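Listed below are the structures to be examined.
First chain A sits with chain B, and in the next complex the same chain sits with chain C.
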Partner chain A sequence: MSRGQRDFLIWVATFLVMLAICIPGLWVVLSAFRPNGEILTKPAVWIPRDLSFDNFRAIFGLGDNVVGIPVGSYFWNSAVISVTSTVVAVTIGMSGGYAFARYRFPGKSSAFLWLMLSRTVPGIALSLPLFILWSWTGLIDTKLGVIIVYTAINVPFTIWLTEGFFRQVPRDLSEAAQIDGCTPWQAFWKVEFPLAKSGIASAAIFAFLTSWNEYALASQLTRSTDSKTLPVGLMDFTAQFTIDWAGMSAMAVIIIIPALILTFLVQKHLIAGLTFGGVKG
Partner chain B sequence: MKRMRRYVRNNAVPLALLAPAVMIILVVVLLPLIFSFYTGFTNYRLIRPESLWDFIGLRNYARVLTDADFWAALWRTVLFLTVALNLEMLLGLCLALMVNRITWGQRTMRTIMMFPMMFSPILVGFQFKYMFNDTIGVVNNALQSLGLSQKAIPFLVDRWLAFGSIAFAEIWMSTSIFAILILAGLFAMPRDPIEAARVDGCTSWQVFRHITLPFLMPFIYIAMTIRSLDVARAYDIVDVMTGGGPAGRTELLWTLIARTAYDDARMGRANAMAYVSILLSIFFTWFFFRKLMAARQHLGAF
Partner chain C sequence: MAEVSLRKVIKRYGQMEVVHGIDLEIAHNEFVVLVGPSGCGKSTTLRMIAGLEEISDGEIAIGGKVVNRLPPRQRNISMVFQNYALYPHMTVRENLGFSLKIAGKAREEIDRAADEAAQILGLTPYMDRTPGELSGGQRQRVAMGRAIVRHPDVFLFDEPLSNLDAKLRSQMRIEIKKLHQTVATTVVYVTHDQVEAMTLADRIVIMRDGHIVQTGTPLDVFERPVNTFVATFIGSPAMNLVDGMAEGGAIRLSDNVRVPLPHGFAALAEGQRVTFGFRADNLMPLGHGLAETGEVATLELPVSLAEPLGAETLLLAEIAGKEVQAKMMHPRPVSPGEVLKFQLALDYCHLFDAESGVRLERKRDHGTD
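After this line comes the complex of A and B, so read on.
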């Protein structure tokens, strides 16, 4: 077998594996456009006959058959909670990451380790005390309560990523800027921040996705349409006696689209950030 | 006190920069954990608030540690993690090696490979609950249409089939993290040692075993460390797919905690279990972090 043939075979095999990886997701996307009747039919209908946007209209309460689940409010809650907690977490995390990258102080490595360990606490284990404490303080079932929690769970990872990126920026640059008359504050925003910007952006997207996708904590800390997020709302469909597969699929598509776009945008930085943070320490 | 003040004065800038991060983690993670540690020693039930002061010492822990359901869930969790993490690592390694070999369309393949990473666990759970459903699931439909099976296979009802289905979902979701990081390792790999070994007459297996694999180990451990940070995400998948049922057959430690706390309203006992799960997570992370450090040192000695 020649080299060319072997390369071709590997290519075909890889392609098939990738296809297999995609099929489950694509099947859900396809189902989002099919009516429930066709999904439930026996024997199975393999070639879709009836594709439409009806399921999307239904879950947003626009079509003829309205689903009694306020997906619109869930979307709004998810957006507000994810964006706010990301902005706050990145601001806090960036300042912490800079401290770790640029300064030496006693107890630095153990501080770093403790911050990272705080991230290992399983969401469901953390939800128990938070559920009680948030009930006492009135933060339960509010967007603010969830935002505070998501900010905290995003901070350690943001610190880890930004620390790696700031360490890549040569220290001399900021020193040179300060000799030329910049204050340290100016030197940071004019020199170091622009150079680490792509890394910070990927940290932000990571934080956003964590918040957008989180379920274990949100499922206990939110109760009503005031604060329920999309992942928690998805379970509304199964709470009923019959499962509305088409509606759930449509909602799944709505949850996945922002994540899809954002991940495509940062895939390169994502890999860089994850690896050099760990390997070249 | 004096030493403390001097420490703060000498390191004012980094401490000020770190203060907000430390503060929010104290409030949202450490403080609640101290509270839940205390609750683990009380007979606290949500429906009787005054029971928070009902101190019962180690009785919760004794109950938990003698509870057959708890041990079953714990062993199932450990088995689940062992199976899932090992298969994810192996499949991720294969996938990365394959993608590394192809030259045409590699970027596209890499992007497709990351597809499952964009799915939240709750969606992965829903997706496979839908596919493995015994009446309308695509897997059963396909098997019946192809004549491979006459009856519907109860993927999410049978004990081991359900375990396998959940593990499948978990592996589908997380293999790409391994593949991506191992691929990054392959890209970063120096060419010279491999060519030198080839010239010296090593077979491709020997090259892989003694050069490629040791070089990839730190990357594998990074992936393991990152994964062990969020092994508890499996809770989301199980909660959607089976809810720990039927009859507790797919109960993992995390779903058992949720059931004890919120359905049975036994907060005290649930907190005792939660501490076991926290220790489990910390152990996994610490274990792989140690491995990562060791592998890194080994690499430095090259």
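After this line comes the complex of A and C, so read on.
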């Protein structure tokens, strides 16, 4: 087989794989702009005939068909929960990562191991104990309850990621800064933090996306419009006998967009972060 | 005025003591080099002066003020690190001005000081580059520039030249020496390279296993090493040491090699075991360099290897099965196995106690030296 033929086959294979990955997503986006009738037609209509923003208008209560789902509240809940848990998780995780990278203390390696092992437990396995605990403490169906859970999920990963970055910042730099007149705190913010920035940014993105997309636990722990997040809200489109596929797709697009924008904004850091972290020893 | 005093300074890590109560007085403007093999405690000592390591016991004073409990930023010191420790995310200008910025100085003042340091060190064309865009020598200069902008009381250097290639190293050595003459500040310099120590120091402090073994001017420690450790550590090539025994007014090195007792050692007891020491410069083939008028012993030794260096050739000869180095000036080709007549300048030989390694002092018993 010639080199050209081999390249061609590789391209075809890549195209097929990408197609398989992308089609469901594309189909969701496409469906968000089509009426329910066209979505449900059999055989399927592959080339859309009737594209409009009606579905979006409907879920925001603007058009002729109003869907009675408080998407605005869900969006707000999701935003508050994701942003808060990300900020808290990154603050705690960064401090932890720094401590693991810089200081020696008893039980350090086993503590690190246990943090990582916590990642092996599937979140849903914790849903029942969490449900019981949260109902005892009154945290069930509150934003705070979900924030605490998401923070706990995100902290170990943030520690793991930032630890690698802080370890790559030579200790000498912080010492040089202290000799140059910095307090240890200033040395951290002016020298070590800027150098580990890309790692911290990628940790923040991962934490945000985890919180933003999480469904299983949120579906157990939230109930009302005060606490339900967007992914949980998606289920509101299923009624006893019908499913509003068009509305659901439109809402899925609303969920995807912020995550997409964020990922693009910090793409540079993310790639630097992932490759940087990849070579850590 | 910034003299540095170390009084009974001890450093322990847990149960392990690594610096055992050292005493050292460093005068204002003095250039002191701490030298020793790795693990001797020299870097730890420097870091204790800097405040980067706490001291476990004793006292450190800078300019008469005890600084035991002061953090590094309050000691008015500068330090040049082995790997430079430049801030990678800042330009050369920002690196140079960082300490003044932290001190809250005005923008113009910071710029002026940075420009001045850059001028001294020839960094003016690189002010807007980041450290990643500089060569090793330039980075080294930035590190020194960062140290001088603050006009510190004491400069600390932690093996600053060990990451440079040989040529750059000797060049930077000269620059450091010049810098010391220009800015006239107390310097404490750590290195494991005895050549650096000899060329830079006003005073050398030789350390081993957390103790100070000897303190003195470079010539002092070269000419009068207190023991075999210093004798082999200072000077290149290292001093030749051969075990021997006092016997009938001579030192018997082997069955057929005897060297007359050098002046001042007549009191040596018959049969006393000693270590006989001499440098390659004092063992030369007849007619190839030794123009000394002092006492000379002649030895016939087989040569096992010749290393031509151009102006001179280093010869590896054998005494009592032990290899010793000799120097041949105005060299001619020497083939391995050739037996040469060597002259040994006895006035420059040393005797050490065979047990303790301590150097035996000459006594002025003949009145000739």
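The rule is short, and it goes like this: the second predicted complex is superposed on the first by the 247 of 281 C-alpha atoms of A that agree within 3 Å, B and C clash if a C-alpha of one lies under 4 Å from a C-alpha of the other, contacts with A are read in each partner's own complex, and residues count from 1 in each chain.
Simple rule for what comes next: a contact is a pair of C-beta atoms (placed from the backbone, for glycine too) under 8 Å apart; a residue touches a chain by one contact, two chains touch by 3 or more.
Because the structure is predicted, anything quoted here is derived from the model rather than measured.
After superposition onto chain A, the modelled positions of chain B and chain C are compatible, with room for both. Judged by the touch definition given at the top, the superposed model places A:117 against chain B, while chain C stays out of reach.
In the superposition on chain A, A:180 makes contact with chain C only, while chain B stays out of contact range. Of the two partner chains placed around the shared chain by superposition, chain C is the only one that A:170 touches, whereas chain B remains out of contact. Contact comparison for chain A: of chain B and chain C, B touches the greater number of residues. By the touch criterion defined above, A:47 lies against neither chain B nor chain C after alignment on the C-alpha atoms of chain A. Contact with chain B, but none with chain C, is seen for A:155 once the two complexes are overlaid on the shared chain. Rounded to the nearest 10, the angle at the Cα centre of chain A between chain B and chain C in the chain-A superposition is 90°.
Once the two complexes are laid over each other on the shared chain, residue contacts for A:191 go to chain C alone; chain B is not touched. Note on the superposed arrangement: chain B and chain C approach each other to a least C-alpha distance of 10 Å.
Across the complex, chain C meets chain A through its residues 50-52, 71-73, 77-79, 81-83, 85-89, 98-99, 102-103, 146, 150. Considering their complex, residues 7, 10-11, 13-15, 17-18, 20-22, 24-25, 27-33, 35-36, 39, 46, 95, 98-99, 101-105, 109-123, 126-128, 130-131, 135-136, 138, 141, 144-145, 172, 176, 180-181, 183-185, 188, 218-219, 222, 225-226, 228-229, 231-233, 235-236, 239-240, 254, 257-258, 261-262, 267, 270-271, 274-275, 277-278, 281-282, 284-285, 292, 296 of chain B touch chain A. Listing the residues of chain A that touch chain C in their complex gives 170, 172-173, 175-183, 186, 190-191, 194-195.
For chain A in complex with chain B, the touching residues are 7, 10-11, 13-15, 17-18, 21-22, 24-25, 27-28, 31, 39-40, 42-44, 46, 91-93, 95-96, 98-100, 102-103, 105-106, 111, 115-133, 148-149, 151-153, 155-156, 159, 209, 212-216, 219-220, 231, 234-235, 238, 245, 248-249, 252, 255-256, 259-260, 263-264, 267, 270-272, 274-275, 278-279, 281.
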